[in-house]
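Two complexes, one shared chain (chain A), two partners (chain B, chain C).
Coming up: the complex of A and B.
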């Protein structure tokens, strides 16, 4: 019985703080996206000529986002039944947007006119089975030119 | 080719599902699934158990018996004259024609846990702490009769079979779900096992009372143990840890007493009569009590 109560408390904390953190993060992401909107991002094919530029530099933006207790538990239940892991969708979305924002912010500070060929890499840190925290790392990188 | 900046206005990458609704659906589905599987497996066990021969029953009992004493926190007393007395009482209590092919083995366990248990294949367990609690032979006979009822109905095998399935099931299902919160599946199954064992307990109670009435001609005082327990439980709602261990999966003591009284009335069993005392020194090894009070 105590175990269930303890678990429900953890679940409640995970849920409320998770929602809070997510809302705060989205608000932040949206305002920064507005600020960095002017910087163009373009992807080129391998055989296409690149735009002329005097300088080019690689920028990397990495972000690690952790799941909360509630999400992790829902994920664990999902593991049994399968289906869309709705709880983790926002986690990855936030990760990608935040990583791209970090690239763009650095590039703007450097004075970039354009960022070329943005790529994403995603990896997991820890995980359910290792009983550690479930967290994801998203890295975005691209070549800025000026 | 000019660049026109455009802000993200629509969240296409995030499903518009309330996380709580998603959670509730998942939880409901898993609990429902567990229950369905459990009941199917339960039916399978109920079908298999009656097919077992008494020899197989005895073999299972003999194989598992050595594991019981450590679970009850003690050792089996090999040479104790109390065992002979209890075994004889047990033979007297057995319903005529019942358990003929199963030899009854009474294991006396030196333990501080108040408990009596039936396994399978005629293996019965009684702890010394339980013997200390007993005040008359009638109530001792009722508890022994109750355990005989379990043996007769092969409840031990049934719960064992279910236990094995529960173990297998949770092993399989736990792959996805280790280390995050309590075991939802385990809890669901446990609650059901309690329910299941409750109906077994009522049946075993009836068997026990019938045994007592058959042996003594009346059922007087046989329920005293339970009544004392009920009274003590009121005094210590949570406190009666040791004794309550025996009754965790058992119905509420008051309900059991009422149920038995109703059956006695129905069957026309007399619930009044003379009390048979327990042989003196039942609480001490070999009935030989040390007269000097123990140091405390």
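Coming up: the complex of A and C.
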């Protein structure tokens, strides 16, 4: 009985703070996306003529983002039933947007006019315990030109 | 050393190709960061300690790649890609590779 109560408390904490953290993060992401909107970004690069620019520099943005207790629980349930895991979709979405924003912010500080050939790379780190709590690493990288 | 993910360097001509250069490093998490991370695992969000760890690791992988290119006499690396894989429990390999070239 005690174990169940403890579990429910953890679940509650994970749910409420997780949602709070996610909302805050999304608000932050959206405002920063507005701020960095002026910088053009493209995933172009393959078999196209190189753009005219005097300088090019590689920028990398990385973020390690972790799921909360509630999401991990939902994932465990989903593993049984199968189907779409909305909880993790938003986690990855946040990670990718954050990583790209970090590239853009660095590029703007450098004075870039455009960022080309953006690539993403995602991997899971974790497995530090048996609960299947996932931490996801997302890197975005690209070439800024000016 | 000019680093880019493009197939060449804008505004410059590639004079010579030296082939693939690479750099990698394997990092394990440390206990201090793990404790912080387990708190974060409850509420979710960014694990700053790990982000820093991976940034350091990637920088080292890139440094090794650049060193290799320098030894070949290159002054730029084009078409750079990164890749991360977990090689053991709690350890990750960060790998960077690209093509070393001479540009002018």
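Details
Just so it is clear, the second predicted complex is superposed on the first by the 138 of 146 C-alpha atoms of A that agree within 3 Å, B and C clash if a C-alpha of one lies under 4 Å from a C-alpha of the other, contacts with A are read in each partner's own complex, and residues count from 1 in each chain.
Here is the rule we use: a contact is a pair of C-beta atoms (placed from the backbone, for glycine too) under 8 Å apart; a residue touches a chain by one contact, two chains touch by 3 or more.
Just so it is clear, the model here is predicted, and its values are computed rather than measured.
If you put the two complexes together on chain A, you find that chain B and chain C both fit without a clash. Set against each other, chain B and chain C touch different numbers of residues in chain A, with C touching more. Applying the stated contact rule after C-alpha superposition, one finds that A:10 touches each of chain B and chain C. Computed from Cα centres after superposition, the angle at chain A between chain B and chain C reads 110 degrees (steps of 10).
In the superposition on chain A, contact of A:109 is made with neither chain B nor chain C. Of the two partner chains placed around the shared chain by superposition, chain C is the only one that A:117 touches, whereas chain B remains out of contact. Of the two partner chains placed by superposition, only chain C is touched by A:58; chain B is not. Of the two partner chains, chain C is the only one touched by A:143; chain B is not. Contacts of A:37 after superposition: chain B is touched, whereas chain C is not reached. Smallest inter-chain Cα distance, chain B versus chain C, after superposition on the shared chain: 11 Å.
Looking at chain A, you'll find residues 10, 69, 71-72, 128-129 touch chain B in one structure and chain C in the other. Across the complex, chain A meets chain C through its residues 10, 13-14, 17-18, 21-22, 25, 45-47, 50-58, 60, 62-69, 71-72, 91, 98, 116-119, 121, 123-125, 127-129, 133, 135, 137, 139, 141-143, 145. Interface residues of chain A, counted against chain B in their complex, comprise 3-4, 7, 10-11, 15, 19, 30, 33-34, 37-38, 40, 42, 69-81, 84, 86-87, 89-90, 92-93, 97, 114, 128-129, 131. Of all residues in chain B, only 3, 5-8, 11, 13-15, 17, 19-20, 22-23, 26-27, 29-30, 33, 173, 175-182, 184, 187 touch chain A in the complex they form. For chain C in complex with chain A, the touching residues are 2-11, 29, 34, 37-38, 40-47, 50-51, 54-55, 58, 80-86, 89-90, 92.
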